[in-house]
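Labels for the chains are A, B, C and D, by order of writing; each one numbers its residues from 1.
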């Protein structure tokens, strides 16, 4: 199993999951009220679509920033990666459930939003597990220096907090919980992580919805990356 | 993040979105009138399928003509690309809604068609944003010469006009609006953009549903493109 | 646009279309008769799944045998390829409609089966169009020798006949029409096309459901193919 | 047809099939009891999702461990691989049917679970057929030594037993049958197959749900594998 295989399969799963998100936008056919009313009533579906689309997009960006630095692929990594994908694939389900029940109010809205936050937190933990896997010596082309490990770990663990907060807040105010999840996506889209000291810009991943990565700006020759000494 | 990753993920999204278009062709099972009647009554679904299929196909062709000229990939590009994909993924939804309501007449047909045109215009703007990103010095292997930039920009901005017209016309005559969108697809399938002066044939993108590109005719060795001086 | 892009996108579309075939196997939940009865009553769905799965599989095999010999990619090829994919993507729809109506009998069964045969014939014509495109000098690494062109063309045009027969027979006996389509798939799975004289084994495509190809047996190094003199 | 094509297409099918698994998690919209009840009542869907996700994940891991060792690709391999994919694509259908009927009890639960086990056994046999194909001399970079062939074959054939047992047990106790299938997935996730004598670690496939493979731990340079003498 070489790294490119891992990337190709993960890319495929990300691409299908992100596209399935739009299935929940579907409106029923003519005959039960005006189309404008129907579209208006399902505004949560549109909001949920935007949030989940960029959340999956960010995790895709960060996944590759992290994976491209990996020098050796073992079975543990493959299954940790599957754990991440298990939650990514569940995002369209969580998104649809949240969107369907957000305006229902009461306990149902709380449960649906908590479920959504829980799936995103699961995804975030899966990403954290891949990050932890990369820390062992010899697994990456460009290891995080020992001195910087705890600082970086700190950023990844702090990155778990927003979804945990969103999960708790879901039981108090579902709309606020969704707003938090949306703000996390906005934050990571605009974030510009400074590079880790001693690392080549663009290869040091930082925290995100599971670790935002600074992919920097560097040539893309489409060829294989060479190990760097 | 290297360019090939960006292409692979985008290809996956294009492929899934274009395939999901066919889901809306489904007819209900036996028992509610003859199959021929059912197929006949859903002619808008077939027309919509053809138009959207080639519209996504064209944007895919142009996306790669534009992206293969990109030398450096940064986070901004990744998120601008996600913005494009956000609308591409919504096309099956817009197509299905338009097809379901086109023959319903009245306000519903107008809203459905306007929604369809709006999604395509969003896609077109996303493509325009990628084009604008490529104009900054040093981002492409083969930059558009300064002198030609405004002419090229003009073509991209003019390329926005048909979908805007289709959007406006949707509120007057939905079928005419759909016909305009169909003609845009036909135009771009048969268009032969002359190459920009000074550029190697096949690498200079032109306007399209978001910028039609002349991919010209050149060897494909499947290997990485080398930067050209 | 290089060839690998064309292949990656087409592969994605083939993969999604072949996977969507299985959606039509779904049975309704508990409560309307025994599961065994339900599964038994939808035997046409299982037969249709098998036939369409291998039909798409064969076209995928032959598509790559044909495309890997292509030296230059131009816009015409891209759109001819999209025409092929337009029909490939419609196969799950045609398959589901045929399976749903085959046992309904009467005109509905005839129309559904004719629709299925027509979609496959459309796919076959799309493949034929790609083959015709490859015949012009300089477009392939290993052109079909002029002397052999008409013989090869003959095989491709003869390859259109079975689906045309299936289309006509659909109006007489739908089950026989489906059997013909199934036999075409079986034939192409087991076919061993002799190589064209003068061509390297494995690169000369023959007729199929749109042209069966002899992919022969040769090393796969995963690297780019070099043009051969 | 080179190996990378076979891998790309198979990866696409695996990725779509694994993502479609989540479609069966969907709950109905507001209005028929509390969401928590609905989610609670469909616990079999969540269990089935987890089991099938990792089962497809394992077969993907093993598929590539086996395929990356293949030196020549012929039509027979392509169609044997399609046979494997025929069952992989049917897994979401089998999973959904099992999950829907598991708690229905009676004959329906037995039939649904037996169907699920049968599809997995079909997949396992497809994988076994690919393994058998690789045993002939000259087909792999690193052939299994003659002396070790029967031992390895033994492991692959023994690997068929659990699904056969699950199939038989389905007619006695559907939940126990599902538990067996789940345990197979857990076993293969945690399995650490010792390498075959004389083979480079990471390239010798072992039995799995169709043959678990030890992918070992080795550099991934993303480049093509070179034949080894």
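Basically, contacts are C-beta pairs under 8 Å (C-beta built on N, C-alpha and C of every residue); 3 or more make two chains touch, one makes a residue touch a chain.
Not measured: the values here are computed from a predicted model.
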| item | value |
| --- | --- |
| Interface numbering overlap (same over half, different under half) for chain A and chain B | different |
| Chain whose average C-alpha position is farthest from chain B's own | D |
| Centre-to-centre distance between chain C and chain A (centres being mean Cα positions), rounded to whole Å | 37 |
| Centroid spacing, where centroids are CA-atom means, of chain C and chain D in whole angstrom | 26 |
| Sites on chain A at which at least two other chains make contact | 8, 11-12, 15-16, 20, 225 |
| Of all residues in chain D, those that touch chain C in their complex | 1-5, 8-9, 11-13, 15-17, 20, 70-75, 78-79, 82, 85-86, 89-90, 92-93, 96-97, 100-101, 104, 107-108, 111-112, 115, 224-227 |
| Touching residues on chain D, where the partner in the complex is chain A | 7-8, 11-12, 14-16, 18-23, 25-27, 29-30, 34-36, 39, 49-50, 53-54, 57, 60-61, 64-65, 68, 189, 192, 202, 214-223, 225 |
